[in-house]
Amino acid sequence: MTSEHTTPKLERCSRQKFLVWLSVWGLLLAWGLYGAFLCLFKGLNQTGMNNYFVFGLWITVDLAIIALGAGAFFSGFLFYILKVDHLKDLIGAAVVIGFICYSGAIGMLTIDIGQPLRGYFSFWHANVHSMLTEVIFCITCYLFVLTIEFTPLILENKRLSEFPLFKYIGENLHGIMAVFALVGTFLSFFHQGSLGGMFGVLFARPFAYRTGVAIWPWTFFLFILSAIASGPALTTLVVWTTQKVTGKQLVRRSTLSKLAKLSATLFFVYLILKAADTVYWANVTAPQMGFAFTRFYQGPYGMELLFLELFVFGLLPAVLLLIPKAREHDFSLVIGCLFICMGIVLNRFVMTVQTLSIPVLPFEKFVAYAPTWQEWAVAAAVLGYGVIVYSLSYRYLHLFPREHELNA
Amino acid sequence: MNVDRRTFVKGMALAGGGALGIMLSPTPWYLIRDLAFWTQNWPWVPAPAPGEPSFEKSICRICDGGCGINVRKVDMRLVRIDGDKEHPVNQGSICPMGAAALQMLYGPSRTKVPLRRVGPRENPEWRPITWAEAIREVALKVRQLRAAGRPHELACITNSAHSTVNQFFERFLHAVGSRNFMQMNSALEAHSTVLALMQGVDEGIAYDIENARYLLSFGCNLLEGWGACGRMYHAHANRSAHEGGNSLEIVQIEPNLSVTASKASRWIPIKPGTDAALALSIAHVLISDGLYDKTFVERHTFGFEDWKDSDGKRRRGFKSEVLGRYSPRSVELITQVPANVIEEVAHEFAANQPALALGGRCDGSLFAGIYELMAIHSLNALAGNLSRPGGIFLQCDVPLKSLSPVKMDEQAEQGFAIPRSDGAGSKEHPLARHLPHNLDAGKVGVLLIHEVNPSYALPNRKVARAIFEDIPYIVSFSSFIDESSMQADLILPISTPLERWDDHTGAPGIPYPIYGLSHPLVNPLYESRNAGDVLIEIARELGGTIAESFPWNNTVEALRERAAGLYESGTGVIHTAEFSATYMSQTATPTEVKSFPTFSDFWNALVKNCCWSDPQCTTDQLEQTLKTPGKKFEFFSQRLQKTFGYSNDLECMPHYHEPPPNPQGFDLLIMPENLITMADNGLGTPPLLIKQLSNDVLSENDLFVQVNPITAMYQGLKDGESVILESPAGKVRVRIHTFAGVREGVVLIPLGFGHTAYDRFLRNKGVNALEIFDAKMDTVSGLAVWWAVPGKIYKV
Amino acid sequence: MKTESGDQRIARYGMTIDVDKCTGCGTCAVVCHMENNVPFTVDESDKSRNMAWMRIYKVDNGLDYPHVRVVYFPRPCMQCDHHTPCVSVCPASATNYDGLTGIVDQINTRCIGCRYCMAACPYMVRCFNWWDPVWPKDMEKHLNPDVAPRMRGVVEKCTFCSHRYLKAKDKAHNEGRDYLREDEYVPACVEACPVGAMRFGDLNNPEHAVAQLIQSPRAFRLLENLHTEPKVYYLSSYEWVRKLADNFA
Amino acid sequence: MLPTTFEFRWDAGHMIFFGVFYAVVIAIFTSLVYVAVKSIIDVYRDMTARNEANASEHPEHPHEATNEAVIAKS
Amino acid sequence: MKMRDISESQRQFALLGGIFAAALVVSLIMGWILFPSLAYARKAQPINYNPPLHVEQIGITCDTCHFFYEDGSWAGIPTLETCVDCHSDIIGASPEEEKFVNEYVKKNREVKWALYVKQPECVSFSHSSHVRMAKIACETCHGPQGHSDPKDYLANRITNYSYVVYDPRVPLNAFTIIRDKGETVWGTMRMDECTACHRSRGTSTACFICHK
């Protein structure tokens, strides 16, 4: 596999047009960096968070992009381990998206914690019983694995591979990529789960608490399932948009619909389990802790969020994408994938922000959360950073092997 | 950037080698660790230095309660204040204000150097001057007044404490030739008038709450600062029967649910302003059911039965008056308190002797009229509860040696003859001693303000404004930059009680004599001085008889001279304590004054332990408490009849008179609320106390008034809405907070807000409730009556 | 920490607060914030962001005039015993449950400020330094040298005045004994409560007043349904007050 | 991280957590070292192969030859 | 040609290897020697107080100047007041004492002594439990403070932890700090040294005991 690939000339738009494109997203990145500087220099009072809402927009975005970034490990797992060959077209794109999501998430986390310079304390003085320790260990390792998966793509760039050392490193890495895919899968399995476990173990927050097996609450498995369901959906979306923006045919249309089908089936399974978990929690777990189900939904975030999550952004896209004919039309494909991703973002929002809005002390009150522009800026910066990295890698690296064949 | 391949490769090799080398050296790893350590010791985070620990006792002088405090010191820094376990008044209890007093001592609103005002009074600039210049300037002003033959135009307003420094001010004015020495009215001063009228004594009232079993409280905020706050807290501490307490029952009678009402055994909601009717109705039940102390009433009271006066005219007695007009049925209509509740309370009052009927709303200084307090006091007489354990006593004088008489020259004699310019002791207000809220500003040339804030705290707003417009020269002796000193001409920084020598006699409501002496715990932080020393220097500057009236070098000598009286009296005890330098354990033994061999031993013990008291010396003999012409308790006050020449019997006896109807459009009733965390006597409130305010009292700079939800609905207002609260005297902008504890038709506004001076933590927060109260004067006692004012509310 | 009899005993320091006595005056909170150098800002009315180690909740029984009654809940840290919610979630072991004394302490120099413990605590005890704590210039003089002022970006909470435990042990060691008497280690709030509503001591030691008080039928705890086993007991004779302490499905 | 830190106890929780963690770390690093070593060997072998090719065919232009040689060989 | 080519490519490979190795060595030197020495500033005491003279010749014991207050808290470094008991005026011959009396005693200015083992503000160390209860000798943590006269000490610029050497033969630099802390180099103790001792004696290692 390594030898026969040649690095044909990539036709890309003019450098000048590309710079304009970069500068637009660069502006977004700059605005975000300014927001981040304010939060670091003046302190976290710049955000809309307070002692009730200790987690805000950033945690929701973090959890969401890590879940959506699961496309990297899952397609890697399918391609390298289960040898699903039609994924070969977009494995490169998936890895780049995964790298962007994880590095963006970790960037936001360093700004989100109050003392970034002490970040390594979670490694040095680790509390092994905490889900967050597990998340921090796994996300850092997996980011390292993702960089390793990203380097062969870089080293296969035409100009770099002229240097023999880089060429051989690229090839050899590509050779044992299966090992990294396996390690990546294992790590991702744990931290996607632990991100769910982080809120499932809070036995003092009845809205988020779930019983489970051994030390893992059910949300541990639900988060994994929802991550591997939404990962491919995001990959499909990004690849489809790249094709629209560049006007080129990059992957076979069948690959996209196969991926969407895979994502829909997994999402459907996830919805069934989630519904079962919600029913059990509403009738058994919460009442034991003294909370009737309706009690959770009096405040600013009402029952409609649950309806939206399970039906509008849940059942609808899953069913839509399971219909073969629907998958053919671009419009329904994009809407389906988009709704699946939105469903995951909403689920992450409900598990973090809504949990904190519900009072547990009987004489405390419901509170609402409003992020400040600095928070939006940092989130936008991650988006800007992602688009810039993706555009650069699309322009200079050979992400889509079938590009020539399809556009010949 | 077309670096050719060869150099690029060399660059890569160089970078690779360097990176590997650095990674293998400890530098990056130790740098990461040191940066983390750096975040643990940021230079801008304060690091309080350790030092020699020590404990000292002192007296808290923020209010008149005179609680004893323990102050923990580290080297010369005061670190914490806590109640003194051995002090007879508060026995370890302390209110939040006393606990946070250090924030005022070290606070940003302290006056630091003498300042003279330059520019207009509206927006003054201040020029720092030396103490010598300041003293010379004040002496010059006084000398000009005397030269112009108007020494009586020198006036002074000071706080209500009985302290030597206040006596120095009175003495200074006396020596200069002016009677206009005014003290702000203290909490239970109205009761002194009642005692003067019904018992013929001119002492403060005292309650033996520790031995009482039943308190019938007419609107007194017992647990929010009424009387001596520390003492009331301590009484409440061992009130419950669960831990062997003496199960003191408290019945709270007031229109709105206060903290006291919530903690009371029973709360009786009453229509505002009708307490007198309820008291007399309770008297009706006591008399009609024969539950009153017959022997005491027959032998020791006058005017109970109908009687004939000297020229044969028939006079109605208290009994027939009460039985005639105050039956529970008819009083139910007036007070909206059900008749059966009145009977129940009366029977409980009679059954749980010794019982006390307490008057004086809020912190004790608000009342509807003297007749209301007389009605409440007559209940105590009916129960025969005078000079008996658990009953009414008088405040005993502390046997201090009085200062040598004032020497007056001829000019001083002239000035002294001219009557007071605040109308106290005049024909209209014969019974009053100090009426600062009635001061005629036109008649004052030089005003000395000592440790009070009349511009903020005087209930009569017209006079408060007039003082600072018409009086040409005002000197402010103040530790803090408050509203009054901002509008003064000269600010003289005065050391706070923790930095100076000061004393304090008695405490509101305490039956036995108490003397508190506070010594400096720390050297003055700034160029502040003791007000007594300043007066001595001014007197020396003036020379003549004024200088001779101040024979001491400093205040300590005077204190020492006065304390000699205590030593010679040979009575009372000092709780001498040895600190074992931790928070809790201190062993203290009350040592008799007699047991001190020399006066200097006594003086050193008194300075160290700050408190002398004589628990045995109480007015437990009726002769001591009944000094009317007939040596009897007078239901019908002959003194009232003589001084005011009332012909109608009713006006000489406690009775209830219908308050005037509300003016047009003002259908609500605005009542003040006394928060324990806010200083409402014009003093500043420390930041940590403002932190304690919940956000439905103060939100950013908006003050909340409390209204019943139904009243708010009628007015079409929602919770949290911005409104204008208007009374005939003024209007303020506030926000609404609906609370079911407030009676319908009543608006409750907290006191202590709306400061324009002090520091950024207190300035411009809320509005000064006094702006809309504008006190009237009680016809009999002349004291300010502002317990409520009619008002209206409308959207902004 | 040994008892008088000398055997190494596990202490479980706890507190009882008599809610019927508490008048909500705030002395406990003021004294706590003075003792532990808790900062204050110019506008303290945003209660979602102010630093309060001890917060006093004013709660009424929800009835109309004149049947309404008010009760005050002073709420320190509950020092939970069973599976302490905050200790089990802290990633950097910045907060730990000490087996020998039962105190849950907070290491503000190790806290990375991730605020996960604040999400885990059901009692809203923990507060975050959203700003750098600043005192007016001279007010730094009254700061307590036994407690280090914190810096921004870290979480802090009531630690049952653990520095007073150390000072009491210092005094005991200085006198050559290793046990503490009941009144030697008392948090600042309990010592300053003007109405004697709060008692403190070792729940394991039957002679201590708290150990007896928690047996009384008046005793109850906040959120017992969640089984965090808090060590702060509230006492009240009124049923409506006890009903306030927990959620009932 | 290391057994020497204060929090470290030789109990089940730590053994599992750090066991898995160090397994993953070792797995990653051994693969990386393997790749690095193999690449260096490849580069070295590639160099020597190129030299022999230069030596045997005496071409005039060493550079292009290297590329074709490489393509031809792989 | 062939020999030259082989040597040429090998020479190129060797050249790269050489550059890599050179860079490696330089950065190792900088990492191990240059930066650490930059990280530590060399400081001296304001007054060169001579411990052996006081302790050995005059025979003053530690606790004459360093004592416990009544509540068991530690007085630490003596204030001027304690020194003035003997040094109200010049009693010795050394110029340092003369400087001390003139500059500090006469002007009643407190000496800003540098503490070698000073813990940062966020750490609480109880001398009472260590000295009185555990009966640990001063030298255990302070080293031979009374028996030698360290001219100067090293202080970390970022964390201002300080280190000192009593034996003049031992050089005081960043390297020796890392290598033999606790044997010949004394200074601010870090957590691992304290916990090791606590664990060996079985005393409590609750966090609030040390973390203030």
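Structural remarks
Labels for the chains are A, B, C, D and E, by order of writing; each one numbers its residues from 1.
Criterion: a residue touches a chain if its C-beta (ideal position, glycine included) is under 8 Å from a C-beta of that chain, and two chains touch if they have at least 3 such contacts.
In UniProt terms the chains read A = Molybdopterin oxidoreductase; C = 4Fe-4S dicluster domain-containing protein.
Since we're looking at a predicted model, the values are computed, not measured.
Between chain A and chain C, the least number of touching-chain steps is 1.
Using the contact threshold fixed earlier, the set of chains in contact with both chain A and chain D is empty. Taking the mean of all protein Cα atoms as the centre, the chain whose own Cα mean lies nearest is C.
Relative to chain D, the most remote chain by averaged C-alpha coordinates is B.
Set side by side, the interfaces D-E and A-B show unequal numbers of C-beta pairs in contact, with more at D-E.
Chain B and chain E have Cα centroids lying 56 Å from one another.
Mean C-alpha position of chain A lies 50 Å from that of chain E.
Between the Cα centres of chain B and chain D there is a gap of 84 Å. Residues of chain E found to touch two or more other chains are 70-71, 73, 121-122.
Looking at chain B, residues 9, 35, 38-40, 47, 50, 580-582 sit in touch with two or more other chains. Residue positions of chain A touching 2 or more other chains: 115, 118, 121, 125-127, 129, 133. The complete set of chain-chain contacts reads A-B, A-C, A-D, B-C, B-E, C-E, D-E. Those residues of chain C whose C-beta lies close enough to touch chain A in the complex are 46, 48-49, 57, 59, 73, 83, 85, 88-94, 110-116, 118-124, 126-132, 152-155, 222-223, 225-228, 244-249. The part of chain D that touches chain A in the complex is made up of residues 1, 5-7, 13-14, 17-18, 21, 24-25, 27-28, 31-32, 34-36, 38-40, 42-43, 46-47, 74.
Interface residues of chain D, counted against chain E in their complex, comprise 4, 6, 44, 47, 50-51, 54-55, 58, 62. Chain E makes touch with chain C in their complex at residues 68, 70-73, 121-122, 124, 126, 128-129, 132-133, 204, 206-209, 211-212. Chain B meets chain A in the complex at residues 5, 9, 32, 35-36, 38-39.
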